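The structures come next, written out as structure tokens.
Shared between the two complexes below is chain A, which pairs with chain B and chain C, respectively.
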Partner chain A sequence: MNPAILESEEVLTTNAASILSAGPVSPEQAEAWEKFTALPMPVRTDEAWRFANVKDLDLGGYVPAQPVDDATRDELLTRSMGLASIAGRMVFANDQLLVQETLGDSLRQKGVIWLPLDQAAAENPELFRKHFMREEAILGGQKFAALHASQVRAGTFLYVPRGVEIDLPIEAFHWEHGANGSVFPHTLIIAEDMAKVTLIDYYESAVPDAPALACAVNDLWLGAGASVTYVCVQNWSRKAHSFQLNSTVVGRDAHSKSLFAQLGGRHVRSESISHLRGQGGRSDMLAVTVAEGAQEVDARTFQIHEVPNTQSDLLYKNSLDDTARTIFAGLIRVDPGAHRTDAYQKVRNLLLSDEAEANSAPGLEIEADDVRCTHGATSGQIEQEELFYLLSRGIPKKDAQRLIVFGFLNEVIERLGNEPVQEKLRELVRARFSE
Partner chain B sequence: MRESRGAPNYEMQMSSLSIKNLHVSIGDKEIIRGLTLEIPKGEVHAIMGPNGSGKSTLSKAIGGHPDYIVTGGEVLLDGDDILGLDPDARARKGLFLAFQYPMEIPGVSNANFLRAALNARQPEGEEIEATEFYAQMYAEMDKLEMARTFTARSVNEGFSGGEKKRNEILQMAMLKPAYAVLDETDSGLDIDALRIVSAGVNALRGPNLGILLITHYQRLLDYIVPDVVHVMVEGRIVRSGGKELALELEERGYDFIKDDITEPSLA
Partner chain C sequence: MSTATENQIDIDRTRGDFSYPESHTFDAGTGLTKGTVDYISKVKGEAEWIREFRHRALEIFRSKPMPTHWASKDLENIVFENIRYYLANGQKPTRSWDDVPDDVKRTFERLGIPEQERKFLAGVEAQFDSEAVYSNIKAAVGEQGVIFCGSTEGLREHPEIFRKWFGKVIPTGDNKFSALNSAVFSGGSFIYVPPGVKVKHPLQAYFRINAENFGQFERTLIIADEGSEVMYMEGCTAPKFETATLHSAVVELVALKGAKIQYVTVQNWSANVFNLVTKRAIAHEEAEVKWIDCNIGSRLTMKYPGVVLKGRKARGEVISIALASDGQHQDTGAKMIHAAAETTSNIVSKSISVGTGRSTYRGLVHIPKHLKGCKNNTECDALLINSQSRTDTYPAITVRGTGNSSQHEASVSQISAEQIFYMQQRGLTEAQAMSLSVNGFVNDLVRQFPMEYSVELKRLIDLEMEGSVG
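So, the complex of A and B:
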């Protein structure tokens, strides 16, 4: 194993636009880098990396992504195709901000803050520090959380004050461009009490098959009665290493919905944690994966019920073709005293090839009473009778198979409850199939 | 197997779905055992027969279901043998099956499904225009008294038995086949639905459509009056006649016919 994942000195010193201080490298980033180098690389015997092809984690050779030239900038801007109606948009390429279309004046007057991460850190240091990477990665990705903290240069910061509802979705595009580059997108959403917002992150590579490293963090904070819908479309290059660490803190009577669409990457690691921290809180954790070729998509989840009367509902669906592999390891934890917890967890794998491999390891830790927990993982193939039904209508076999897989994934997408966003996701999934 | 080719070619009915001496097995069990049947375009033929006699097997075999192995015989659609074609190609050639038990396709909306089926019939690279598609679909749904909500719902998922059958006829109306095999489309329908669905089928009836109607009930044949009624027992057509044959069956059951059956001598 190569311990020097990135050419460390180079990365650190080229990141002049350090977000946490004006200096070239903040003490926090230096500390994070130290932590990153001190932590061991995962090995096969780590429970948190069980089933994962850890040999594939050799990250030597990646360099900081460089700013893109003007022609590339223009190209990527035209390729940043989101929803027709949005409340705001930012586009980044190689961790540099390309454009920022701000929210309307009325939202700004209501106190909504929607800023690039570095600007937010400078202008709202207290708010920033109180929330920035405050929830530890605890599912095995500690080393990558430290890497992210040491390298993060770009991302979005969204603060929605008490009672403010933003009806239209907000979008952020993160492009990666160039061979062997590395990007570290960050998303921080703070929804105060009764606030409401939807944010979509699109992770895209300019070149579909260039090696790349992406190490992203998305943290959501929901105050009492807040409602946050977060969608992340991971569509990095087919040769990318993608790490993604999500934490969601759900306050009293708040409702979080998150959906991760894993479309790209070669080696994908996704960790998602929901902390049900206020009574009446609810978290819907959704994911769809299209894994083909030699892709490996490794998802680890944690539903932590910290107080009584909370709900979590997880639905992950994977479609696997060729020699693709998926891993799902999900834990439901009900803390002592977190009575009347409702926790669901369901994973479904659709195997389109005999050589594809889906691993599932659900787990429960319950230390309270009057708890309803169900979990289950199933794997299967396309039902012959379903296929015949479509064929009998004249739909060619390849299209019929795609339609069935699409339907399988669409059942997750439809849980979002936002038709334009759903339609966008369907479009992206369809585009993935027709590659 | 040798077939006598005594009849001159000009006598061959070209515009028909013609099944000749068909043998079909599931596993190593022969279910269809030398069945011959011809449905000229423009006619409605009914098949009645006891449970397990092979009616659904016949329809699946015509459609090309991979579990139903044709071990002998021919199925000609307007003179072309379709047994070598994949199921989707048969459908695009003009064949339609209304299933006895229509499948549910989770996550795929009825509209998307129909659109995919229609697009499959368009020239390469072309797609049916969206507004035209919806106009057509809504018009057909109105005839079948189906609520608009069925367009966005997943195909057959959570549909009642009768709703599924209506949905089959909706598909038939949209896909405009040359030959349709309707397998017990009447079962599970309440009295009103039977009337509506029958009216839907009758509206499609005409010189460009041949229909094979599989049913257990004479009642359906009051609504969709067949040109010919066939009785199928143990994988063969054992008797054919006019619509009065259905009445006779209703009165006397299948036993009177079964008594007549003798194993055909193997030539």
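So, the complex of A and C:
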């Protein structure tokens, strides 16, 4: 990929036609576009799309999102409410940078780079090329990865040099605004040896029920002994198509923690891959989903243990109401020779309505013998005893249910080990409940 | 470890000299055409509707693609043109006992197989004199009104009973191999148990060895009428020589209201066999169906016994043991379709991968909406013996609504070094310790098998372990 791609916004933003017929501009972008158009749409018989409602993937009618006007800009900035103490922040609307609150001087002097993606691509082309979308989207989302690559023009780039620890979280807000708009946020984190950082992405729609397309990619790369906590709160419009492709490369003795909160969207597809590439590496993969209405939340995960002595631990929890559907299809893979792997995978579904549907397909592929791998999947409903207990304390039924669901999801949130971030997530989940 | 016991079960293909008589009255030749189907139908003297059924099946078989988008690519190695689809009257290749490899003879010895059976199993004798045993059993259960016969006989003499369910539990078009079976089936058992009858003896396919029972394309249909009980066993633990490389059985079970069926399989085909089997049961109100399935042999086995829980309070269970040795792929599992309220299902699967063996669990659990009180429990445990061994688990669980629950758990582990060390301290060899440990791993499942099977299974595991350490 060439930085030139990222300068293509003019063409895309002035093209009023459907995004799916928008002409590409640079050779690399053209190549990605060609790949996108050449790859077939997923069909029902694709194993990678099993259970998914593939008929609902028609992306026709979406247009490139337009720059927002000043009034909207001010409104969105005031609505970008993150944590009280942060190390840095960027706010985007319709893939355009609105504001960039840079890191303190001391971090900059230590060599930390925190830039909008296009600027980083121009200023640090080598670093950018080395890590930008280097891992294949192997969970079925190749077509959407190509779409992203052909359209991406906004996002954040974070480079933390060897040994530098950033204590406070860094935040990025991505707003989508306008009917049938499409956005392509990108997050690229490079944590060198022994570096430490926490980044939170907030995906938000200005209008809660306007149709939208969001196709996001994030690449996390952890050097030896690095520690990265990545949180992504997906709260797009209730009529949005959301695609999210994550890849995390975990180096020697590095520790990655990621949490995806799936709150918004109508049809949500999330693919998350952890490559355990260095001995002693560990990846914690977490997700909470609040699915209501006619939402479909489709999560695919892959824990790839490429070398010996690595650990991964996955916990996905879904609460489902109304006619919502969730899909969890996860795979733990232990490559030949990757001995002393310790891998765990658990999905739990809480069904709150008779029309809700939870699909679970937790998988294992093990090609080494000295391993400990377990997985579990449960689907059930609220225990009547728990509910009765709360009711007997005078708590109304609706509230009692919410409390129980909240407690169910909170168990995942608490695994993050960062109290202010956890509190923020709890606040967002509560807000989702009170809609 | 001693090399002599290595690959105990893996039969050396080059050593047996197989030959077929040039011409035989009942030989359909190789390849599959409309003519083959007509031939089979004619030889069996079948009714016109069965011949039409076969022809429709052949068309479906041809139109269906191989399921390689999810299944092993090894399926592509099946050459349908080179297969003999029908050999009648127990026609078998001829060979002498001297041609049988020593290691196979040793396995028979260790398993304690009677002399006469050995010859049959090794393919030396085409006939095994079980006729007397079969007649006795048939007479004994016949008094209770039980019908126990071959598929050809069943369809010819009792169409009023069997036609109603034949091909209904597993439709011809269920998958490519069920269609193939429907086109060329022969052999297998048809059983009908009248209302309230509890069959004391387990019915064994073994009794019917003469009657093309070990055929490639067995078709079995068991109907247990209201409140009846029956147990059926097929296969045996002894390794079985086979020249036919494709085996594709269809087994249908119907448990009417309150009936109980247990179906026990021990599969130990030789290591050149593709064993692609479709097995499914329908359980009506308060009925119970239990599949006990053990897979030791074959090159590739794909088999996922299922139960459609159609009536209230029906219960389905699959107990599965798979042992995948060098070059083998045991792709097994279970399907539970909940279609009525308060139905429960239980799946317990244990697999052991030895050497380059690969074992796979594939499961399907489906609980649709508006049902209440459905429960599923699934447990799969895999044991890996060597560093090149492989295991996979691919369950798929769909649960709708608030009245149901499902839980699935799986684990993969290796034999604890501490356990082995402890046993070696007590004077056991490494192989003995491994074998004890593996037997312990599957013990709670093996105990559910009839006694003679569980004893043989234990011996087989001992044999496998001897060749796997060191």
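FYI, the second predicted complex is superposed on the first by the 411 of 435 C-alpha atoms of A that agree within 3 Å, B and C clash if a C-alpha of one lies under 4 Å from a C-alpha of the other, contacts with A are read in each partner's own complex, and residues count from 1 in each chain.
In the analysis below, a contact is a pair of C-beta atoms (placed from the backbone, for glycine too) under 8 Å apart; a residue touches a chain by one contact, two chains touch by 3 or more.
Because the structure is predicted, anything quoted here is derived from the model rather than measured.
By the touch criterion defined above, A:Ile366 reaches chain C but does not reach chain B. Of the two partner chains placed around the shared chain by superposition, chain B is the only one that A:Asp399 touches, whereas chain C remains out of contact.
Using the contact criterion defined above for the overlaid structures, shared-chain residue A:Tyr389 touches chain B, although it does not reach chain C.
In the superposed model, A:Thr378 makes contact with chain C only, not with chain B.
Applying the stated contact rule after C-alpha superposition, one finds that A:Val207 touches neither chain B nor chain C.
In the superposition on chain A, the chain among chain B and chain C reaching more residues of chain A is C. Contact with chain B, but none with chain C, is seen for A:Gly407 once the two complexes are overlaid on the shared chain.
Chain A uses no single residue to touch chain B in one structure and chain C in the other. Looking at the complex, you find that chain B touches chain A at residues 63-67, 86-88, 91-92, 96-97, 99, 102-108, 112-113, 116-117, 120-121, 154, 171, 175.
Every residue of chain A that touches chain B in the complex is listed here, in rising order: 383-386, 388-397, 399-400, 403-404, 406-411, 414. On the chain C side of its complex with chain A, the touching residues are 69-70, 369-370, 382, 384-414. Of all the residues in chain A, the ones that touch chain C in their complex are 45-47, 50-51, 336-337, 339, 349, 351-382.
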